[in-house]
Structures are given as C-alpha cells and as structure tokens.
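Shared chain: chain A. Partners: chain B in the first complex, chain C in the second.
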Partner chain A sequence: MSRWKTILIHGFLIFFTAMTLYPVLLVVRKSVTPGDNFERSLSPIPSRVTLDHYSEVIGSRDFNGRPLFWRIVLNSVVLSLATTLVGMFLASTSAYAFSRLRFPGRRMGLMMFLVVQMFPATLIMIPLYVILDKLGLLDSLVGLVLVYSTTAIPFCVWTLKGYFDTIPREIEEAAWIDGATRFQMFWRIVIPLSRPALAVTALFSFMTAWNEYILAETFLSRETSYTLPVMLQHYVGTHSTQWGKFAAGAVLVSIPVMALFYILQKHLVSGLTAGGVKG
Partner chain B sequence: MASVEFRNVVKRYSDHTVISKLNLFIPDGKFVVLVGPSGCGKSTTLRMIAGLEDITEGDLFIGERRVNDVLPRDRDIAMVFQNYALYPHMTVRDNLSFGLRLRRIPPSEIEKRVADAAEMLGLQEYLDRRPSQLSGGQRQRVAMGRALVRRPQVFLFDEPLSNLDAKLRGEMRREIARLHHRLQTTMVYVTHDQVEAMTLADIMVVMEKGRIRQVGNPMDVYSQPADAFTAAFIGSPTINLLPVEVRTGEVERITTIEGQGFSLQVTARFMHYQGDGLMGIRPGDVRLSSDTGNLQGRIDVMEPLGHRVLYTVDTPAGSVLCELDASEARWKPGDAVHVVFPMELVHLFEADGDQKSLLLEGGTI
Partner chain C sequence: MGDRQIPGRLLESLKSWAVALLAVLPLLVVYLWSAGQVQEQEFRTTAQLNAFECVGSSEPCVPVWVLRPEPYMEGSLVRFRVIGTRPSGKVSREKDAKLPRWAHDLAVEAWQSRKGAVRWVSKPGHSAIRTAVFMDDTVHVGQAPVRGQYPDVPWEHLLVLFVFSLFMLLLPPRPVPVIMSFVAFFYLANGMFGYRADAEPDWIYSFSHIYEGTDTALVVVWFLTAAISLFISISYALNRFKGWCRTLKEHRIAYTYVLPAILGMGILVLVPFAFGVTLGFFNHCKGDYTFVGLRNFWEILSGGGASITNPLNFWFTLGVTLMWTFLNVLLHVSIGLGLALLLKNPLLKMRSVYRVLLILPWAMPNYITALMWKGMFQQQYGAVNILLDKLGLGGVSWFSSFWTAFTANVVTNTWLGFPFMMVVSLGALQSIPTSLYEAADVDGASSWQKFWNITLPLLRPALFPAIVMGSIWTFNMFNVIYLVSGGEPGGSTDILITEAYQWAFKRGERYGLAAAYAVLIFIILLLYSWFAQKLTEQKLD
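Let's turn to the complex of A and B:
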C-alpha cells in the first residue's frame, strides 16, 4: 500500500518535472545545434554539437566595434541590482510601517497596492513613457530602475508585511525597553528575523528587472542601453529569426537567475523566529 | 531604585475602559504582586509602567519623575515577558548584552555584568547558544538575565513563570525571591497564580475588572479579605460563601447570622448591619463532628490530598468544602456529619454591590 503510494507520488512528480524541463531542454538543444531553424524533432539529444551560437552571442559588437554582449550584461546586472536595492529599501520600510504603525490611510494604502497589482504593466506603458520623457529619463537605466522598483513594491510590501506581522511584538517591545530606537528595532531585530521573506522579495524584484521586456523595449532605443531580454528579442527579427543565437542567449540569461536561486535557497527556509518566544 | 505611583490613572481603548481611576503607591524596594483573574487589567497596568501603553488620564510617577510622556527606553526599567521575547537571532550572550551595547556601556563593564548575571542564573554553559537551543526554563533565565544586567530602577514581570511546568515554576519562584532579597530593587510582578502572589509579595494588589479590590500584606489579605471577591480569589481551596441574613442587636452588640439550616451568634466584631449577607469560611477552618455542630449534612465527595483530606459536604445551605488533617478524616461518603463553623474564623460580606466585608477594621471577637 504505502509502497504503491510512494511509486505513485514519485511518478506524478517525475512526470511534472519532465513536463517543466522538456521545453528548456529543447532550447538547450537548439543552442548547441548548428543552423538557425528550429527542428521539429522532440529528441532532446542534438545530432551535431557546436558552440558557434554562444561565441556569436558573446562576441557580438556594437557599430563602434566595442563588445556589445558584455555591455548588455552589465546593463542588466546594474539594472536588476539597483532595482532590488531600491525596491527592498522602499518595500521593507513601508511594510514595517504598515505592519506596526496605525495611521490614517493605512487600510486604504494596502488596498491600493492590491488594486494597482491588477493592472497589467502594458496598460501604464503610455503614461510611464510620457512621465519618463518629461523627466528626461527615457533611454536611461535610472528611469527603468524607478519603474521596476515601484512596480515590484506592491507584491514586496504585502509579502514583507505578512511576514513582519508574524514576528511577536514583544520582541520589539523588549528591544525598546532595552534602549533601541524605532529604527534600531527595525534594523537590528525585524530585518535579521525576516531573512526568508527578504530573500523571496529580493528574488522577485531582481527577476522583475532581469526578465522584463515590454517596458524596456519601449523605453530603450540605443543598442548600448539594451537589457538582455531586449537583446534576445532582437534576434527574433521581422525578416529572419536567428533561433540559434536566441536559444544560446536564453540559456546564458537564465544562468545568473539559477545561480541566485541556488544561493538564496537556504535563506528561503523559514522558521528563523523559532525559540525567541514560547511557541 | 525608585518608587512607582499611579495617580487617578485611567486607561481606555476607544470607548472601552480597561483601567478606571487607579491609585497605587509602590514604595521603593518593595516586591509588589498584581494578582487577579484573566482580563482584569494586570498586564495593562504593568505595560503602562513600562511605557508600552499610553496613559489615557492621570499621572504616573517613577521616583520623583512624571513619566507619562517618557519613552520606555528612557524610564530605566526592565521587563520580563510571559513569552520571554528573546532575540531569536542572537546568542544568549548577545541577548544579555544587547541593551548594554545600545546604551554604549564600555565593553569591559558589559562583559563583567554578563558574567555576573550568567553566574547568578547558572547560564555560563549556554552563553554561545541561540534561544531555540534552550529549554523553557533556560529561556526564562535568559529573559531574567537580560533584565538583570541592565540594573534598572524597577523590574517588571508579566507572568514570567506561567509557561513552565509546576516543579520548575516552584524553583524559579524561589530564585526570584532570592533575587529580590539580594538586589532590594523595586519589583512589580503580575500573575494570576495566587501561590506566587502569596509567597513573593511584600504587597499584594488584588485587581478585578480594572479596579483595585485590596492592597496589603499577603497574610492580611488572606486573613482579612476586604470583600467577597478577594476572599474567593485568594486561598485554595476556595473559601465557602453561604448566603445568610444578618441582624445586629442595638443593645447586646451581638450579630446573628441566619443561614439555611443554621444560625450563628457572634459578638460585634462586625459592623452594625441588617440585611442579606454572605458568610465566608475557609475550608481549612471548617470542622466536622459526628454529634454536634452548626449545620447538619452528609459527606458527598472525599478527596485525599496526602496529609490533608478535602470533603465536600451536602447541607441545606449548599455544598460546604472542608479540609481536614488526614488523621481527623474518619468519615466516608454518605456518612451523616455535623459541620462546625468556628465563630472567630467566620467572614461576613454584604450580599450586594461590591460585597464589602462587614468586619470592623482590625476587629476580632
């Protein structure tokens, strides 16, 4: 009985893991297969292997002859890190206020965050474009950092507030009596205790910036200010589609995100507050 | 060290009054226990001293200073919470020293104080552990240590032992008593455990529904409860309260207590009072006899407690609890007995309102 159950559960899990991984494997296959058309075969094993697509992507240059790929990687990294930092700072401080302070407009503010989440980003694309244009921030990473970090904030605030709410108030009260200021309570007690939630929201902010395409494509026009998703999309041109480079680029783009997940996974494990108060 | 004083303190949450007109003076160096049933406002009172709750009306003084608007960190108090509220991400050592580091005490002094506290509480081996790696009793000690190292003017305890098992609770209770004896610092201690209240308090404050019922030395509160509530709350097993009619003769100064199936005459240690009353007598003060007594009854339940035996006696006046020495306990359930109420041990309360005691101030037979 229990043995059959185990087999069933594992069969189920393996099936869905395969379902998820299979398309990725096909992309990996394409990235190492010569030629630019996407073979219809379903075998994940390539018939011939080449790293040409990779070297083409990595070796690409702008019209001044400077390395383009690394420039774009740098753009994406700076953009994503800056988005994460700005977003985390704004989100954690406001989530703390929403969790611990009672002020007029608190419920309203939380509701607004939810409502804002319901509009797709494309809907606010035009107004954002106008605003960035007026601010002279089109075609600049600063503009995108502002846009990304603010669009990520609602999710981050809700997640962090939910987590902050689970930290017993008495721990902060004890710190307060011990001599802490409000900021010290936040910085030395709440933040260290919120590592799992901070990891989740940081990852979310990072990936928002790392993967976003539509706004970046709209706001960035110079090749040298592109981000990785914009670069990828440009391989899929109107006239010809360079599937090989696209696949190789896609694999390269996903490596840092996977690395990040790997590094952060141990922080994602909850249960850090265990032991502070009687459970 | 400092005294604490409440002057007409009121605490309200929107329109819901939790503490009404609290007046209380806690002398410097005393161990004061706030005791009362759940929800009576003990924690609120303590948290007002700590500064964790605003004071709606009235004044609160710590020493000479009015502290209504002083932040908790500037009140020079330390508090031990019911759920310990340790910093989970810090070692025991860091938990103890956190407050000192925030206050920029020199490191050598911090080290000394932490070592002292650790020694006093037997925490030396655990200094490098996290709270999650400690037992409940050890966490409790860390919470006490964290208060101790601060050397505050006033210690506040909110039911610090209620999460411990009975044996550990006894040990820690004695440890706290020892601590107070040694430090002679003002301590305010909240509990709903009357054993803790009786054993620890220099001054016991009995609260109910946001009001103080009685303040006094625990033995006085026990032997001369100011009202029926206090009589019933303090003392275990619970005092017998029987409805009676009270008549006091003008001339003879004799009070007659008339209950269902019994009548007592006591000399005037009670106020002149006519009307309905409640007669209180502690189970340990009730005697049983096979031939004569004040009230006839039948043994309903017998509960041996070791060297004591607790009888529940069915009588026309209701169930009467009686606690006897095991050597005197010769009755079995179903036996007919006479219940004896020793006159000088009887309490008498008004039946209505606050059920105030009718005992004259300092009165005896």
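Let's turn to the complex of A and C:
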C-alpha cells in the first residue's frame, strides 16, 4: 500500500470519526457549562466548568421530598433487566424450536415474527392502553415489561434462530445417543454455544427497554413510576427548555447503556450476521 | 365383506352427524341470545318513545307532576318545587311532600340533559317506564305503563333452521361444511338486513350502511360467529380438522417451546393489532365510537379534500415518506459499506479504535440523539449555523422551509443509522475467504473488478436482509421526525407514522382515522417485504 493511500484512508476515517464524536462532545460540554442555553461557540472544550447540572439532576426530589432520581434509576434498571430476562426466555425457546424442529406452522410462525415488526407502534398504543387498563397494569412496571419484551421478541427470535442454525446438529445427535432429553440438548448444548447471539439479543432487549419513551410516557402518569427517558423528555418538553439539565441527564443515562454496549460489542459482528452469512 | 362395511359406514355418518349437531348447538345458543337482545332492544326503544309521548303530550295519559327548578343551587345540586299536576291541572301544596325520590332524581337528569330521561322498573307481573320530559323551563315527570307485546323466542327461525337440517340429512356424506356455511351466511345476512332501524329495499344502500344503528357488541358477536363457522366449515371441507388435532399431538414438544412466545405475542401484539384494525372502521368523538365502514380509508386515500401539494394529503405524506426512507437507506448503506471496506484491512493501524468510536451513535439512546441534533440545528446557538456563519455562508432557519427541515431530519438519521450497516458489512466482509481475492490477483484483476465481481455478490445475502430490515425501521422512524423537525413547517416533513400520531393525539383525537393510517402503513410494508422476498428468492436461485 502506498504512503499517500494510507494517509488518505486515515484522513477519511478521522473525518468520519470526528463527525461522529463532535455532537456527543457538544452535549458533554453543555452538561458542564453553567446556564440553560447553548453558547455561541464551536469549541468542544467548555470555557467554564461546573457540576451544578449534575447535582441538580441527581438531587431532584418528588413532592414528598424523597429522592426522585434514584427512584427513577431503580425503575429503569428493574424494567430493563426484567424485560431482558423475559424476552430472552421467550425468544430463545421459540427460536430453538424454529431452528431445530420441523412442525406444521413453522414457516407461518416465522413469517409472523417478521410481519409483526411492521406494525406501527401508534396502531398498537391505543388498544394496549385499553388492555393494560383492563388488566389493571396501567402505570405499573409489570405492564411495561410485558409490552417491551413482546416488542423485542421478533428481532431476537430471528437473530437467535439464524445463529442456532449455524451450530452443527451432530453435537446434539451425539448427546441424543447418550440419552439426553430435548431440554438438556437445548439448555446444556445450544445455549452455551450461542453466547455471542445471546449477548447481542440481550443487549437489544435491554436497550429497547432502557431507551423507549413513547409508550412509557403514555402509560406512566405518576412521577415516581417514570423511567429515565420520560424524565429527560420532561426537561426539554413543551413547557421548559432546561438544556443544561437535559445534557447532564443525557450523559448519565447514556453511560451505563454505552458501557454495556462496548462490553458486548465484540460479539456484535458474529452474533448479528452468523445467520445471514451462512445463506 | 360388504355386510361388515355397511354398519361401519353408517356409524361413520352417524358420528359425523353428531359432530355437526354439536357444532351447530353453540351457534344456536349464540343466535338465540343475540336475536333476543335485538328484539328486546327494539321493544324497549318503542316502549320508551311511547312513554315519552305519553308524558310529554298536552293531554297526558297518566298522572304527571310538573316541577320547576328552585332558583338557588348548592354546588351542582338542583331542587325542584312541584307547581302542579296534570291532566287535572290542580296546584296543591300537599303534593310537595309526596314527591318520591325517584321522581326527583329523574327530574335532575332531565333538567341536566335539557331533554328528558327514562328509567325502567321491572317487578314480577308489572313493568313500567318512568319518564321525565323537559319543557319550557319545567320538568314533567310521570310513570307510564309498558305497552306492547314483550318479545318472544323466534320459534319460526328455529323451525326453519331445523327443517333445513333435516333436509340436509338426505344429502350425501359430508353435511358439516354445508351446514356451517349456511349458518355463517345466516349470521351475516342477519346483520345486514335483519334488524335495521329502517328497512330499505335498496341493496346498494344496504351494503354501504351495513350494521348501521345496531349495537356494536352484537355486530362483533355476529362477525365472530360468522368467522368461526366459516373457518370450521372450510377446514372440514378440506378434511383438515382431524389432521390438525393429530399434528398438535405429534409435535407437542415443538409447540411447547413456541407457546410462551406465541402467547405473549398474541395477547400484547396481535390482539391490540386486531383491535387497532377494527378501530380503523370506526369514528371516535368524545368517547363515542360509531361504525363508519370504509369512510376513514376513503377520506385518507382521496386526500381528504386537500390538494396534492397540501401536507394533509395522504399522497404528499407518502411521497415524503418514500423519499425519506430511500435517501436514508442509501446513505446508511453507502457510508456503512464504505467505512467497512476501509476498516477491513487487518494491517490498518488503530483499526479497532476507529471501529469502537464509529459505532458510538448506535450505542446512544436515539431520542437523546434526536434532541441533541435538534439543538445543533437551532437557529441562533446551533453548532451548524455557527459553522455556516464562520464559513461566511450565513445561518439558515432550518425548520422554516421544507427542504432544510427535511435535510436536518436526514442528517440526524444518517448519523444515527450508519453504524448498524457498517457492523453488518464488516461481518459479511470477514466471512469472504481471502483465497478468492488471491485467485483474482493471480488473474490480474483490478481492485474495482474484485469489488464488483467478488465482494458485492458475496455480500448480498447478508446485506439484503439488513437493508430490508433497515428500510422498515426507517419507514417507521418516529423519534427522529417527531423530535427533530416535529413535522415543521406546517406538517410537511411529517412521515406517515407521525401523521397518524398527529391525528390521534394532536388533531382532535381522531383515533379511527389514525388507526386507518396505521393499517395503510402496515399494508405498504407488507407489500414491500413480500416483494423483497420474491426478489431475494430469484437472486438466490
């Protein structure tokens, strides 16, 4: 490779990386500069530094004077973990059946999981509201866990099924000869072998729950049952534009999910594309 | 041989008859119930109208109290004073104390509605309708007896059904599908012509006003019953029903594994979906839903009276949506693939650093991204305008004209979406064996030839599903449009999904219209993915 070509490639990549990082740096800058508006400057380095916005966000209290921020963090964490667990359980079992077993309705089921992704959320929102209301699950995290895990399932099923397909059947056949049951083959062989795909789907389920705000905003009405996106949304909602608090909140909300993303990102390529590449 | 066959066949036909009767029985129960409901409803309506007339007429057929609301009120409470009785017309103070509680309550109701109120009283052997009518600032309350014949079991309908069934006995073996289809038709026809408020002999009118004026619950029951019986009849006709039971038993392990997910999806996705589709046929106004047939769809597809250049026109929004999807996917794929090709080279220094930094937008919650870019495009303090200013181009008011607002949306979504395509392309590129490139090198192929003849064809199987998936996501990308431009200026940058949202929650709670929009979105995407699938199948062959 010639010297000039290398420089050109690096220049290109550096340009794109800068484009990617710059908006994020601006938010970080805003979160540590005082005041609620953006200042007229392009530099990502803040002129004055303060942690006021962070302490305001973390120290926010509800009507009864109890700490609100930690309550909301707890809500989001519980919601996201529960969604991940329920979603993974539902998706992995059905993906296993779709990958390993041949049964009538298999094609139709797979098609259904594909088609379901095309349902616009607004179409489902009003009926869901009515159903959750009837079940008494409105304004509760249980209802949201169910909704989120079912909306995350189609993608998870397809990804997992694609990955399960790449695991050789011979291993299971050997286990079958040794007297393993269907469940043992699933739980002891297929699940441990598909760690990358499981990591990726778990990550997506988690991100779905952690980042979703339209349904959360519609279904949750008490301040103490809010999730983080709803809280952030309220900082720059129709009535107020507290960009400082929003930026600080955005940084706080993004850090855990980005950390998780980067921990699991080495699985991203193999987990996502295994099914597709095979074909 | 023959002797043994005949009782066997007889038994067989008897068995199929027993099944048929068992299947018809619940249908009969449903039919009786719903027919009774309708007749009772009709009966009640006429009786109430009679009672109303009776109490409200100048020469009432029953004793009537005439009440006047007192001038003072406590909160929303109203008090009434008896100012007379009719038909005698004699004013008496003694009546004041005797005014029963129900008459007072009914009078309040009538006074509040400014029209009237009715209540049914049913005791064994005696039923009456208590009525209050509001006339010239006074309320007239009376208790009118129920007139007319109380509805009876529709024996003649049952008779017809049974005679028909008996007649069916004479027909050859498989009677079930025929009966079932008959029942299905019967239920549909019932709703169409049977219980309409005004019987119009005009067929076209009947079709455009099917089920109008009928209780919604009854319509639902009719439809469900018709659907179920049609389903059973068709499956019988295809001789599948037994087969299904058998396969269910045979593959019970597979179904056990699939069941939890299907159940969850069924309750929380499919039921709401069915509900939403149904909603598309109704009009919502202040909590009341009325059945309007295909009128919502007609309003959307005809543009709702707006010209094609008006953002409220469906076709305008569809055009914007298609342009939005196409541009975004094009940018995602070209940037993602381009970066992946650069990052593929294992000798490149800092390769993993670039990769880690470039997937940052994927890791960010996308509503934060959207709000962040909205801030960047802000007219006065936004980084984009400051940059343009520094370059001497002058700032732009991004959200006041269509093209600039659209560009802002596209830039945001491109920033958000290219990492996904990059990661998918990287994975696919890594799986292409290097021996192919080595062989091409031996043959003296240029790098363009290698890209065109090796990379692209081998990339297709992985990239194509990602593109289909990505375009569906972009088509329904609510967050970016809603949070960045919010449809500004004047709703012109709205895509179909945000337009539906606007109708439901911003422009007078038109849930029905929003649902119809959503159904159309679904149909478009379904056609698209079906088309895409056909295309891949052809390519792979």
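Annotations for the structure displayed:
The working rule: the second predicted complex is superposed on the first by the 260 of 279 C-alpha atoms of A that agree within 3 Å, B and C clash if a C-alpha of one lies under 4 Å from a C-alpha of the other, contacts with A are read in each partner's own complex, and residues count from 1 in each chain.
Criterion: a residue touches a chain if its C-beta (ideal position, glycine included) is under 8 Å from a C-beta of that chain, and two chains touch if they have at least 3 such contacts.
Because the structure is a prediction, the values reported are computed rather than measured.
Applying the stated contact rule after C-alpha superposition, one finds that A:7 touches neither chain B nor chain C.
By the touch criterion defined above, A:51 lies against neither chain B nor chain C after alignment on the C-alpha atoms of chain A. Of the two partner chains placed by the overlay, only chain C lies in contact with A:128; chain B stays clear of it.
When the two complexes are overlaid on their common chain A, residue A:184 makes contact with chain B while staying clear of chain C. Looking at the superposition, the partner that touches the larger set of chain A residues, chain B or chain C, turns out to be C.
Of the two partner chains placed around the shared chain by superposition, neither chain B nor chain C is touched by A:263.
Shared-chain residue A:193: touches chain B; no touch with chain C. When both complexes are aligned on chain A by C-alpha atoms, chain A residues 272-273, 276-277 touch chain B in the first and chain C in the second. Remark: chain A residues 168, 170-171, 173-181, 184, 189, 192-193, 272-278 touch chain B in the complex. The touching residues of chain C, counted against chain A in their complex, run 247, 251, 253-255, 257-258, 260-262, 264-265, 267-273, 275-277, 279, 335, 339, 342-343, 345, 347-349, 354, 356-369, 371-373, 375-376, 378, 380-383, 386-387, 390, 415, 423-424, 426-428, 430-431, 461-462, 465-466, 469, 472, 476, 478-479, 496-497, 500-501, 504, 511, 514-515, 518-519, 521-522, 525-526, 529, 540. If you check the complex, the residues on chain B that touch chain A are 50-52, 71-73, 75, 77-79, 81-89, 98-99, 102-103, 130-134, 136, 139, 146, 150, 163.
Within the complex formed with chain C, the residues of chain A that make contact are 1, 9-10, 12-13, 16-17, 19-24, 26-27, 30, 37-42, 89-91, 93-94, 96-98, 101-104, 106, 109, 112-128, 130-131, 146-147, 149-151, 153-154, 157, 182, 186, 207, 210-211, 213-214, 229, 232-233, 236, 243, 246, 250, 253-254, 257-258, 261-262, 265, 268-270, 272-273, 276-277, 279.
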